[in-house]
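Labels run A, B and C following the written order; every chain starts at residue 1.
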Amino acid sequence: MATTMTTGTDTVDRAVSARIDARRGTPWWIWLGIAFAALLPLIGGRTGLISNFYFLQLSLMIVYSIAVLGLNLLTGFNGQISLGHGAFFAVGAYVTAILIDRYEMYYLATLPIAMLACFVVGYLFGRPALRLEGHYLALATFALAIAVPQFLKYRHFEPYTHGVQGINIFKPDPPFGMPLSPDQWLYLVVLACAVVMFIVARNIVHSRMGRAMMAIRDQPLAADTMGINSARTKSITFGISALYVGLAGALHAIIFEFVSPDSFRFELSIAILVGAVIGGIATLSGAVIGGFFVQFIEKYADAATKWVTQIVHLPIELEPWTIYGIVLILLMYTMPMGVAGGFASLWRKIRPPN
Amino acid sequence: MEQLLQQVASGLANGAIYALVALALVMIFVSTNHINFAQGEMAMFSAFICWQLIHWGYPFWIALPATMLFSFVIGVLIERIILRPLHTAPLLSVVVVFIGLLAIFHSLAGAIWTHTVKPFPSPFPNFSFAGSGIIGPHQIGMILVAVLILALLFCFFRFTPLGLAMRAAALNPTSARLVGINVDWMLALGWGLAATVGSVAGVLVAPVVYLEPNMMAGILLYGFAGALVGGISSPGGAVAGGFIVGVLENMVAYLGYMLERATGFYLIGNGEKLTVALLMVITVLTLKPSGLFGHVTVKRV
Amino acid sequence: MSNILEVENLKAYYGASQALHGITFSLVKGGITTLLGANGAGKTTTLRAICGMVRAEGFVAIDGEPVTGKATEAVVRLGVGHVPEGRGTFTELSVEENLRVAAYTRRDKAAVARDLEMVFTYFPRLKERMAQQAGTLSGGEQQMLAISRALMLGPRLMLLDEPSFGLAPLIVQEIFRIMRRINEEAKVSMLLVEQNAALALDLADHAYVLETGRVVMSGTSAVVKSDEQIRKSYLGY
């Protein structure tokens, strides 16, 4: 019995890794891009080309990318849908905020604790949720997204959470008297976290664990018969996914200097899911696009709405959400596999035959 | 005791609304395997249409059928125009399209009718009767209208050839085509009917929660929960599930209130009832994944 | 026009792969033709292509009316009763509903009632099980139901996809006897796909042998049956 199991898993491993190996390794231009991004505070900040406000915007975008990446690990690579990842975002943010506010902990030290807390919550949630699939899991996670903000307002937690008022924390100054503004420094912190988390995600996806995740997504029954422990794999994936989103939440709390139950409403969960699908499900690069989408779409939708209202002279004043909805639907028509997937298939069509 | 009965009665009244929403969700689910997350916003939009008609001076019992007809047409059009091209698209793309629809309906309602809360007149006469202390006339009206709609739908699906054809198209599209049924149109009709049922839910609940673009958000969630508790593939189960969730929700808040009065300890109040009700629903589902009245589909590998 | 079915140079595709490579055959009004061949020869695909269930090119005409490119339901409404592979039972509907839904497109109530009576004379067992959920029927009964469903369309042509599949020999014999009666009494032409060549050749008057999406030989059943060579290489008995 034991031998059959090992052979079985190995077959899956080999089959999947054959496909993945071709794409292994990070192209040089990505490293160049990261280096450029890391030098932005020097280039833009010193010369005054990029204001602190823009650094805050960029940081938020990167934070959402980390969250989208976390959801992508679960939904894209493991096939479990979640409408409630805003809940883990909230848990991460509150753990960090409470630790800084009440226990005066050093802000960077709170990050691993927030991540660990979210992993545990995610794992424990994923354990019973294993029995739920598809729409049932969607409901359970939906409920989670609704429950967590209510939980944060719960009367007996108020000493820690300050109820509806939320918690104010302060932006840390850069260490060692570095010549950076707090926003620039935090941008670098967020960027470093993102780089590490993307590398870890890539390694997870290419590892035995990642292959098991995808096998469960594609062929759940076959995966079982090949000796993959799907219960364990699925709940660990849930935990890892929550850990990513929790880190994003913790970073969000620090750069935003404020947490409150109403910052983590259901819309946040939806935004993360939309980001993952629009960016490109089951792709790592899609998470970056998704993060960009989450952060900037509302602003652009707003601008586009004003523009449309101006030129068309509508009898009613349109709201940005109308444009947002239309953009979502049109994107799903033109790129059902997300922007990353759309570009990948475009590239397959136009690249010279080898 | 009277208080408890009051809670059960108002739970049943809310449950009637959840049942209608659950039924609308199930009607689309059985034929397409999609949960229409925009169902609530569509119902909200319909309620605004009805309000507008009344505002223009039409009597309620003319405005309601007109609203239902309008909703039916909108439902059919959405299926034919927006969802038809996505028949082979991945599930998540469809989910995102539903979210897009939700955003559009929500914002259009806000743009046309603003976000200020509007009172919606109850269509039912206000009279007092033996049980007035326990249940109000609007609540009775909600339950009666919901039950009437359910009975009509039941008869339609059970006894008319078109209803039978719609069921056949949902159960086995390939075989349905082989007996000459135009399955595509049956899907569109299903969407139309679901939108109609949803519009009734929206109009009935508007006098209770007041009319505004956000009014259906929580109700959709309860309807979803009701549909799953009852068994997402069983229309009868969805209706029962809606009523169960309605009563459960009120019981949770009531028990929390009783506990606080007896011991002085605050455990659960109105703020937490949604969470607790959902938790209970999810517990039921983990123990019995096919829902209370659903049946397990055995899939060949 | 004495052919109920005319098929010329029919090609069919599943995605990018081609399953039929230009098939030509015809079926005389009132006749029974069988398509024989091994698994994957394209027999089921041919039936599906006639009904517009797969992407197809070429020419297909039902009683002189071209149907290539038409939707399945439109082809069916011309009087084509397709008894699909796997029987296609509406498992959650009752037996009665399965039969009633098949008459959905017909407006002549009296004719429908007559056909229902006819179905019950052929398959009295179904009458006993009218109220039963169709999914609980045995395999043989479900096959009878599938044939009855096709009959309730009031068909001129029936396409039968392996009616013997997975059934006990005695039941298969019974079903084939009734198919002959339907052909003779109700004047329904039949295109029969079968793995069981001996059985099919007994019922049919013409046979076409398919291999990897092409017709490799054809003739009257008697000729095909008597040809030792064909029997050994294609029909395997």
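We take it that a contact is a pair of C-beta atoms (placed from the backbone, for glycine too) under 8 Å apart; a residue touches a chain by one contact, two chains touch by 3 or more.
Since this is a predicted model, take the numbers as computed values, not measurements.
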Averaging each chain's C-alpha atoms to get its centre, pick out the one most distant from chain B. C
From the Cα centroids, identify the chain that ends up most central relative to all protein Cα atoms. B
Using the average of all C-alpha atoms in each chain as its centre, how far is it in Å between chain B and chain C? 43
Quick one: chain A and chain B, Cα centre-to-centre, how many Å? 32
Between chain A and chain C, what is the separation of their C-alpha centroids in Å? 54
Per-residue overlap in chain C, given as positions that touch at least 2 other chains: none
Show which residues of chain B lie in contact with chain A when the two form their complex. 29, 35, 82, 85-86, 89-97, 99-104, 106-108, 110-112, 217, 221, 224-225, 228, 232, 266, 269, 271-272, 274-275, 278-279, 281-282, 285-286, 289, 301
Residues of chain B defined as touching chain C within the complex: 161, 164-165, 167-168, 171-172, 174-183
List the residues on chain C that touch chain B in their complex, please. 51, 53, 71-73, 76-77, 82, 84, 88-93, 97, 100-102, 104-105, 149, 152-153
In the complex formed with chain B, which residues of chain A make contact? 75, 81, 128-129, 131-136, 138-140, 142-143, 146-147, 150-151, 153-156, 221, 266, 270, 273-274, 277-278, 281, 316-322, 324-329, 331-333, 336-337
